[in-house]
Structures are given as structure tokens and as C-alpha cells.
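In what comes next, chain A is part of two complexes: it sits with chain B in the first one and with chain C in the second one.
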Partner chain A sequence: MIQDQKSKKGAVTGLLFIAIVLLLVVLLENLSAILPAGSVPAVLMPTSQLFTVLKKGAVYSLVAVSMNLLNGFTGLFSLGQAGFMLLGAYTYAILTVPVSAKDTVYYLYGGSAVNFSLPDLFGGVDTPAGLILGVLLAILLGGCVAALFAYLIGLPVLRLKSDYLAIATLGFAEIIRAIFQWQPLGPVTNGANMITQIPTFNNFNITDANGTVILRLSTFFPFLIAIICIVVIVMLINSSYGRAFKAIREDEIAAEAMGINLAKHKMLSFCISSFFAGVGGALFAMFVNNAQAKVYTSTMTYEILLIVVIGGIGSISGSCLATFLYVACAEWWLRFLDSATTFASPTAPNRIAFMVIFAVVVIGGSALLIHRERRGSNQVWKQTLVGLVAILLLGWLAWFAATGELTLPLLRTGFRMVAFSIIIMVVVLFFRQGMLGDKEFSDILFARRRNAGKEATK
Partner chain B sequence: MLKIDELKVRYGGIEAVKGITFEVPERQIVTLIGANGAGKSTTLRTIAGLVKPAHGRIHLQGEDITGLSPDRIVSKGITMVPEGRHVFPDLTVLENLKIGAYLRHDDLEDDIKWVYDLFPRLKERSWQAAGTLSGGEQQMLAVGRALMSRPKIMMMDEPSLGLAPIVVKGIFDIIREINKQGVTILLVEQNANMALKTADRGYVLETGRITLTGSGQELLTNEDVKKAYLGT
Partner chain C sequence: MEFFISTLLFGISAGGQYALIAIGYTMVYGILRLINFAHGDVFMVAGLIGIYSTSWLTRLLSEVMAPEAATAAAIPLSMVLVLVLTVVLGFFIERVAYKPLRSAPRMSVMISAIGVSYLLQNTATYVTGGQPMTYPNIPMLSDTVPIAGTSIKWVVILTPFLVVALVLVLTQLINHTKVGMAMRAVAKDFETSQLMGIKINSVISTTFIIGSALAAVGSMLYFTTYPAIVPTAGAMPGLKAFVAAVFGGIGSIPGAVIGAFLIGICENFVKILPFEGATTFVDAFTFALLIIVLVFKPTGLFGEKATDKV
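Let's look at the complex of A and B:
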């Protein structure tokens, strides 16, 4: 009884939180229109990186959570996420290219073999009904196609365990990618060319008769879909099915002895995870305005895996948090690593950003290392060494700040990825738990209340 | 209640159980004792459906359950406490118990209360991760979890494994208590002394065959059993 009340309270808090997030997103997106012209900071303009990050973050967090459902909660290590995203993206794109645009999009193949378009069936992309129904239906079908393929591939593959499952699913994703680029399938998949002219997030902006935007909803839409899907996943995890998934993760022998049908539940988890990856793929196609097979490489799966590991395997809120952090770093904050920057002006924003990040990394890293050594044996020289290196690095930073002009030696295209590789190594070596471990954000926030609950049950 | 006829189980070319026949009457405690590799655990795993028999039939209350899948067998009312406890380490005690009742869809409130009354220690540790419990507490949890499916027969594989004598005594007291409340028990043990003292009926297994049968008391005083298993 106590449990029911608690979960009801949690649900209300959760819904409230979601409503606030959605409201904030709408508000943030439309601030540029509300604020008097001229006083709008660059970051809030509709073309700002901020909104790219938010949109991509919403899409990726859904995919990351779907991967977490499989890897973190069911203990099945699958690397097929990009393949299922591809299926979702292509299903969405093929079904939503307007009939009038088919000839231009598929010009190499003399038109498309799919001679209808879902939005057109409901009155076209320009009508609200056609847009909303057509797009939602296409997204849903994208998920279903991904789930169907997951079922078929799962029949042989789910007998495998750990590494072997990862290899098989990775192979599956690569095969799917090759098949979708295959020339004879051109009339459907447009071969190796991208399918363009599909409805995107921007179609959801509400415009007046002249085409001026009245209300921007292009960030709101991916947030809404992603949040709905994540809520469904959370509800699944908290249901008895979710408990069975966790039981399989913890101990297959015991789970089977408790009457949990291993094959059935693994398949269920695999298909559901793939369904949401497919939905994520459809959203991703909307985000990049096209569907093209060569985008969905294993690199994309690794990106998602990186997010899941950093956020904490088995933590939904960790995955969401890590997604936005990762996407913001990759698309925005760490961009300066990709160009050989000369920090000429002492007040250049990227210079300040660099100095802050550098100082935080050095101080945080050394403090952590010294702390770890303290917990171990009392090897003073190690602590001293770490301290000295940290002081040297900080000294260099101070000198750099004082002289004001320096071209960093290593920065060039692709260095961002080196930085990410180092980050994941550090995470795996020192923070294997990730940011939140297998806890949820609410667990940490309401830790005291939960402890009080523990006392009460005694 | 549970009848095993001419059961044979093979692992590849090796025949682990070579045709055994025995019976577990309702509301009794029956024990299988024997050395390592005698086929005790294999017998239990076969009854639970985790291993498919090569030959022979298993009947529960007259119904043939040979070769059914493990989840079907649990829903028929046979549940197993696996050897080495196998609790779900990162789940809380309460979650562990709820998984025990996975195949049931009715209200669990009474059963959780029943298990907590049997094992007050578990109630204290309701929110604790099962992996942080002591060995004895984990064994209690494994038993409690099995009881949550409201079994007709509970099969236990070496409940005394790796536990201190005083804890073992506690576990066997609980087994008797559970039996008094109406659950039939099939017990596999290395600790022949404790098992035979508790059991109404005992079977001695040697390399896949039943070599001796009798009531618990008879076997305790049997010279061969004394020599081979009781060390007196």
C-alpha cells in the first residue's frame, strides 16, 4: 500500500517535470520573437547551435534510452542500434516524400516504386491533419519495421551471449546498410543517394498566410515524441516485465528457475528496444532533412554506446543527461578543438572557454587521482608527482593567460574525436559506473526521503 | 504427489541419471542424498524442466509434466531453490521476492507478509540490494523467493552449502516450519545428517542409481549410510 502511494506521487512529480520541460522548450524557442528585436542574444536566435543541440539531443536520448533498455536492463550487449535507426529512417523517408516530389527525388530511377505518400493521404504536408497524422504514422511504421527486422534477426542471434551477440548485431547493421545502398533496390531506397524533400521538424512551425513563423515548434516536436517514448520505456521497466528483464540481466539460471521464459523475454526486450531505435531513426531523418544509408555507420552506434556508458549503464536519466552533454560538446562546446585556433585576442570567447575547460580538467583530475591514492597505500611520491604535474599545467595556463597569444599545437580537424576517445578511456578506467551508475536522477534528489521510507518499514 | 518413473538424463554421451524411480508423497519432506556426481542436482534440474530427460516420465498429481518448459512447470506448482542461492544481487530484497511471483497476477500483499513472518530478517533488509546480504540471509531470500510462487512442491538444492552449522540449523528449522504449513519438500543435500533428521523419507543416490530407500530414521541408523555419508 505504501508502495502504491509512493509510485503515484512519483508519477505526478514526473508528469509535472515533463510539462515544465516541454513548456521551457517552447518558451526558449520563441524567446527571439517575444523579446524586442535587437536585444536578442545570438544564442537564442533560431539558427543558433543551441537548438541544433536540443533537437539532436532529444533524438539521441531516445536512441540511448532504447539501447540502455537492452544493454543496461536486460544485459544483452547489442551493437545493432544504427541498423535499426536506418530502418526507421528509411521507412519514414520512403513513406513521406510528397507524391509531387517523387520524380525529382528519384530522378536516377525514373520515379519511385512507392507511389503514395502518407501525408498526402491525409491531405498533404501543408495541412495540419496531413502533417501530424502522416508524420506520426510514418514514424510509428518506422518503429514497427525496425521491430519486425529485430524479431527476424533475433530468432537466430539471441541464442548468442555477450560478445558474440555484439558481433552478430554489429554485422547485421553493416549488412542492412549495404543492402539499402544496393542499386537494384533504387526505386525504393534511391540507391546510395539520399532521400530528400521529406517533412522535417521545421514543418511543425506554425506560420501565417505569408509564411512568417508565428509559433516555433520545431524543437518542441522531437522533445514531445522522445519524452512520450521514454515515458513508455520507463513504465515498461517499472512493470513486472521490467523486473523480469533485470532478473535475466542479473542471473539467467535463477531467472529461468523462477519461471521466466528467457527466449521470450529477451526477444521482447530486443524488439521493443529496436522499435524505439527505429522511431529514433525516423526522428533523426527529420533532424538531418534526409535519409542516407552511409550516415548510419558503426560510428553512430559507438556514439550511442559512449553516451550510455558515460551516463551509467542501467540509468535512464543518466542516459538523457549524458546525451545532452555529449551532443553539446560534439556539436558546440568542443568544436574549437577541430580547428587550429590562434588565441589572439585575450577576450575571445573560445579562449575563455578553453581556459575554463582546461583548468577544470586539470584540477578535477588531479584532485581525484590524489584522493584515490590516499584511499590506497600511502605512496606520498605518487601524490606529489600528480600535484607537481597539475601545478606545472596550471602554471602554463597562467602564463598563457598572461601572454595572451598562442597557437595550440595539436588542434586540427578530427581532434575532437581524440578528445572523446580520451574521455571514454578515463570513464572506463576511473568511473566505470558512469555519471549516475544504475541510479536515477530522482533517487539522488530524493535520497533523504527514501531513507526515511526505509526507517518506516522497520 | 510427485512421481518419477525410470528417469534417465544424458549430458552428451554421459548418462548422469541412469533410470531412477521414486515418489514424493504430499506434505512430506523427501531427501535425496549422495556424493558429488551422484546425479542429485541433475534430477532436480530435470524435474524443474531446465534439462530434458532422455527417458522416463514425471507426473505431478497424476498429470504428465515430462519435458514441459520451466515456466510451465513453475506455473504447475513446482519451484526450485537453485544450488548456491542465485539471488539477483543488484535488485532489492523486495524486488527479488516479487520476481519469485512473476507468473502470478493476483495480489502479493499476503504472500510478502507470509515470507516476512517466516524470515523477519528479510523484512529488516527489504530495501537492501540482495548482493549485500550475508550467505545465510541470501539463502533465506532464495527460499522466500521460491515460496512467492505459492508452490505445491518446493525443491531445494543444497540449502546448507557454505553456511555455518548454526545457520544451517536455522534453515532446516524453517524447512520443517514451511512443510508444516502445507508445502511438500524435495531436498537434495550433502549434509546427510541434517537432511535425514529432517526428512520423512530418504533416497540414497550413487552414480545415477538409487541404492537405498527408507525413512529418515532408518537410513540414519543404516550401517552403509553411516560409513559412507555420516562419517561415524
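Let's look at the complex of A and C:
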């Protein structure tokens, strides 16, 4: 009874939270129209990097959560996510290219072999029914195709364990990529060229007769789909199937002894995860406005895997949080590292900000390293070395503060990703649990209250 | 017929290059049970070091001697430099990224390897600016010789002999020296060998050093055949070499070499299969082979029977 009440309360809180998030997204997106012109900060303009980050973050968080379902909750280490995304993206793109645009998109092959388009069946992309029904159906079918392929791949592959499973799924992703680039399939997949002119997120902006945007929903749409899918995954994890998945993760033999059908549950998890990866792939195609096989490489899978690891393997909210942090860092916050920066005036705010951040990073990093060394073997020289390097760096900072003008060394195209991968390595090596470990955000938020409750019952 | 011979020659040489990388994979897997995803990227970095060290040494030497003599002297020197620096890189990767995770679950180490691979690729993009770099011509290796109606680079002919010689040396090292014995012991049983007084960290470092050195030699041969290096150039040969290692039975050095030769030859014949767009399937073929091997004979051609591997 208490359990029942608690879960109902949790569901209400969750729904409330989701509603607030969705409302905030819509509000954020339309602030530029509500606020008087001229007083809109650059961040809130529709072309701002913020919305790119939000859209990509929504898409990636769905894929990351789907990967977490497999890697974190079922303990199947699969690296095929990019392949399933590709299947979803291509299914979506092939089914939604408007009939009128087929000849221009498939001009190399003299038109497409698929001579219908889902939105056109329901009245075209420009009508609400055609857009919503057509796009949703195509996304769903994208997921289904991915799940079907996952079933076929899973039949031989799921018998393998740990790293062999990883490399086999990686191989399948590469095979799928090769098939979609195959010239003879051109009338369907457009060969190695991209499929363009598909309905994108921007089609969901509501416009008036003149074509001016009344209500922007282009960020709202991916959020809505991603949230619905993630809720489904969370419900699945909390169901008896989810408990079976976790049992398999903890100990396969024990799980089997408890009467869990290993093959069936592994296959189920693999197919469901691939379904949502396919949906994520379809959304990704909408995000980048095209579908092209060469984008969905193993690098993409690695990226998503690193997101899952940073967020904490086995934590849904961790994956979502990590996705937005990752995407924001990669696309937005660390952009300044890609171009040469000169701090000329000694009082410029970005100069002070740089000095503070630099000092914090150096002191924090060296403290972490020294602390770690002390915990392990007592090697004094290592600690001294770290300390010396830190002092040198701080000395450089002091010298810089004293002399004034300086062009930061190293900063040019590509440095962002180097800095970024170093941060990732630090997370992988020093914070192996990720941001949230296998806890959920709500666990941490409500931990104190729950502990208090426990003591009261004692 | 001529076409057949030249394809076979190219296949054997590609196989030799994969073999040199595959040995690094198979030795590391044998000892640490880790798919070292960064190994392919170490191979790519070795190629880049070759490019930069050659141009740097040429510039340095041309100040003291005639330009032509400088170029001639720079190449062997830079080859030594490539070998040394790649070994240092491999050693450091193990010490920094894998050693702290020795007691962690296997998956953490693999994720760390993926992280290192990501870091190496991004660093390479940063250093080269994302441009494809041209590998310097190594005299002798880059010269061509007419065989069976086509002109073929010397490297294609020399590769298999060099590989076989290196593998012979390596098997001698593993079967008849103390370090080799320690390696075999660690591969057999990690914990017991520790109890027997084997310094596990130095054995693992030696493994990484040997693997990196072979990858460096492989990079010289590979990039003389395919002269452009992009930051992702190492990923595909790396994965193929891993497939070769699995094909031959992971942990077995002769197995990895034979697997690599077979994959190299098959791959070059897939390229010339008489149907449209066959080249698209070169990489896919390797992975299809991998999956077939994993499903039907998980221990590979020469692998020892072990129930816990798959």
C-alpha cells in the first residue's frame, strides 16, 4: 500500500517536472518574439547556439538513454548504436522525401524506387495532419526497422559476451553502413549521397499565411518525442522486465537460476534499445536536415558511449544531464578554444574570468593528483613533480597578470576537441562512477528526506 | 593471370601490414583481456611522427650538408626516431590510462581505451589541422619494379619477408627468454604469476613496448603504400588487425599473423569481385568474417580452448 502511494506520488512529480520542462522550452524559444524588439539578448535569438544545443541534446539524450538501457541496465556491452541510428535515419528520410522533390534528390538515379511519401499520403508537409501524422509514422517506422534488424543481428550475436559482443555489434554497424552506401541500392538509399529535402524540426514552427513564424515549436518537438521515449524506457526499467534486465546485469547464472529466460530478455532489451536508437536516428536526420551514411561511424557510437560513462552507467537522469553538458561543451561553451584569443586590456572581464578559471583548474587538478598519489604508494617525487608543475603554471599566470598583453598559446582550430577529450579522460580515470553513478537525480535530491523517514519508522 | 598475381601480391603485403598491428592486439589481449582500441591510433600517430620528424630532420641537416645528402640521411634517422617515439607513446598510454584501472572492471579499461583513441584522433586533427598529410618517400621502398606487367613498389614485395622475420624473432623472444616466459605466465594466469614473483607491471609495459614498436614498423610499410594520413587513418586498419587477431585465435601470435595474411588477401580479392560497387564491401567483408568466426569458432584458428572467453 505504501509502495503504491509512493509510486503514484513519484509519477505525479515526474509528470509535473516534464510539463515544466516542456513549457520552459516553448517559452524560451518564443521569448524573442514576446520581448520587445531590440532588447532580446543574443542568446535567445532563434539562430543562437543555445537552440542547436537543446535540439541536439534532446536527440542525443534519447540515444544515450537507449544505450544505457542496454549497457547499464542489461549489462550487454554493445557498440552498434550508430548503425541502428543510421537505419532509423534512412527509413525516416526515404519515407518522407516529398514526391515532388524525389527527382531532384535522386537525380543520379533518375528518381526514387519508393514512389510515395508518408506526409504526402496525409495531405502534404504543409498541412498539419500530413506533417504530424506523416512524420510521426516515419519516425515510428524508423524505430521498427532498427528493431527488426536488431532482432536479426541479435540471433547470432547475443550469444557472445562482453568485449566480443562489443566488437561484433561494432562490425554489424559497419556492415550496415557499407550496405547503405552501395551503388546498386541507389534508387532507394541514394548511394553515398545524402538524402535531402526531408521535413525537419523547423517545419513544426507555426506560420501565418505570409510565412512569418507565429509560434516556434522546432525545439519543442524533439524534446517532446525524446521525453515520451525516455518515459517509456523508465517505465520499462521499473517493470518486471526491467528487474529481469538488472538481474541479468548482476549475475547471469543466478538470474537464470531464478527462472529468467536469458535469451528472451537479452533479445528484448537489444530490440527495444535499438528501436529507440532508430527513433533517435530519425530525429538526428531531422536535426541535420539530411541522411548520409558516412556520418554514422563508430566515432559516433564512441561519443554516445562516453556520454553514458560520464553520466554514470545505469543512471537515466545522469545520461540526460551528461548529454546536455557534453553537447553544450562541444558545440558552444568550449568554442572559444578554437580561435586565437588576445587579452589586451588588463581589466577586460574575459581576462579576469580566464585567470580565475585557469587558477582554479591548476590548483584543483594538482590537488586531485597529489591526493591520489598520497592514497596509493607513497612516492614523494611524484607529488613534488605535480606541485612543481602547478607552481610553474601559477607563476606563468602571475607573470601574465603583471605584464599585461598576451596571446594565449595553443589556441587554434581543433584545440577545443583536444581539451574536451582530456576532460573526458580525466572523468574516465578519476571519476569512474560518472556524475551520478547508478543513482538517479531524484534519489540524490530526496535522499535526505527519505533518510529522515527511515529513522522515523525505526 | 597478371591481374591475379598483382592482386595476390597486394593482398599479401596488406596482410603483412595488418599482421604487424595484429600482434600488438593479440599480445595485449592475451595478457590484459583488453581490446586496446587505441592501438590503431598509435599506428596512425607513428605515421604522423614519421612525416614531422623527416621534415624536421631534413631542415636540421640541410644546414650542415648538401640538401640531397640531408634528405638521404634524414630518412633512416627519422625511422629510428619514429620507432623510439612510438614506443614511448605506447608505454605512456599504458601507464597513464590503463595501469590505474588494473583492479577495475574490464569494461572500464575498454572505455578508457576508447577515450585514449578519441584523444589521439583529436590531437592529430589539431596538429595537422585536419589536412591529409603526405608520407615521405622512403628510398628503396617507394621505388617501383615491374612484375607481371604492372609496376609494383618494392615495399609490397619486401613486406611479407620483413614480417616473417620479425615474427620469427618475436617467437624466439617469447619462447626462449626470461621476459617471454614471464609473458606466457602472465597470459596464463594473472594472479598466480604475481604470486610467483613476476613483476606484472614491467611485463605489461614490455608487451606494450613490443606492440608499439611493431605498429611503428607497420606504419612505415603501410603509409608508403597508402601515402595520405588523416586523423582517422588508423581506425580501420586497427579494427581489421583486431579481426585478424580474433580470426587467428586471440592470444596466439602465429594465429594473428596467418589471420592477417588471409584477411589481407581476401580483402584485395573482394575489391576486384565482378559486381558493381564491390569496393564498398571491403571493410564490411572483414566484419562479416569476424562475426562468422565468432559465432561458429570463437576460439579462432589457433586459439586455445577456453570456456570463459565467449
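Please note the rule applied: the second predicted complex is superposed on the first by the 390 of 458 C-alpha atoms of A that agree within 3 Å, B and C clash if a C-alpha of one lies under 4 Å from a C-alpha of the other, contacts with A are read in each partner's own complex, and residues count from 1 in each chain.
Here, a contact is a pair of C-beta atoms (placed from the backbone, for glycine too) under 8 Å apart; a residue touches a chain by one contact, two chains touch by 3 or more.
These numbers come from a predicted model, not from an experiment.
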### Query
With the two structures laid over each other on chain A, which partner does A:259 touch: chain B (first), chain C (second), both, or neither?
first
### Query
What's your read, chain B or chain C touching more residues of chain A?
C
### Task
For A:244, decide between first (touching chain B), second (touching chain C), both and neither.
first
### Message
Give the list of chain B residues in touch with chain A in this complex.
### Response
48, 50, 69-71, 73-75, 79-80, 82, 86-91, 95, 98-100, 102-103, 109, 123-124, 126-127, 145, 149
### Query
What part of chain C is in contact with chain A in the complex they form?
33-35, 96-97, 100-101, 104, 106-108, 110-112, 114-119, 121-123, 125-127, 129-130, 232, 235, 239, 242-243, 246, 276-277, 280-281, 283-284, 286-288, 290-291, 294-295, 298, 309-310
### Message
Quick check on the complex: what are the chain A residues that touch chain B?
### Response
1, 240, 243-244, 246-247, 250-251, 253-261, 438, 450, 453-454, 457-458
### Task
Spell out the part of chain A that touches chain C in their complex, as residue ranges.
77, 156-157, 159-164, 166-168, 170-172, 174-175, 177-179, 181-184, 298-299, 302, 305-306, 309, 412-415, 417-418, 420-422, 424-425, 428-429, 432
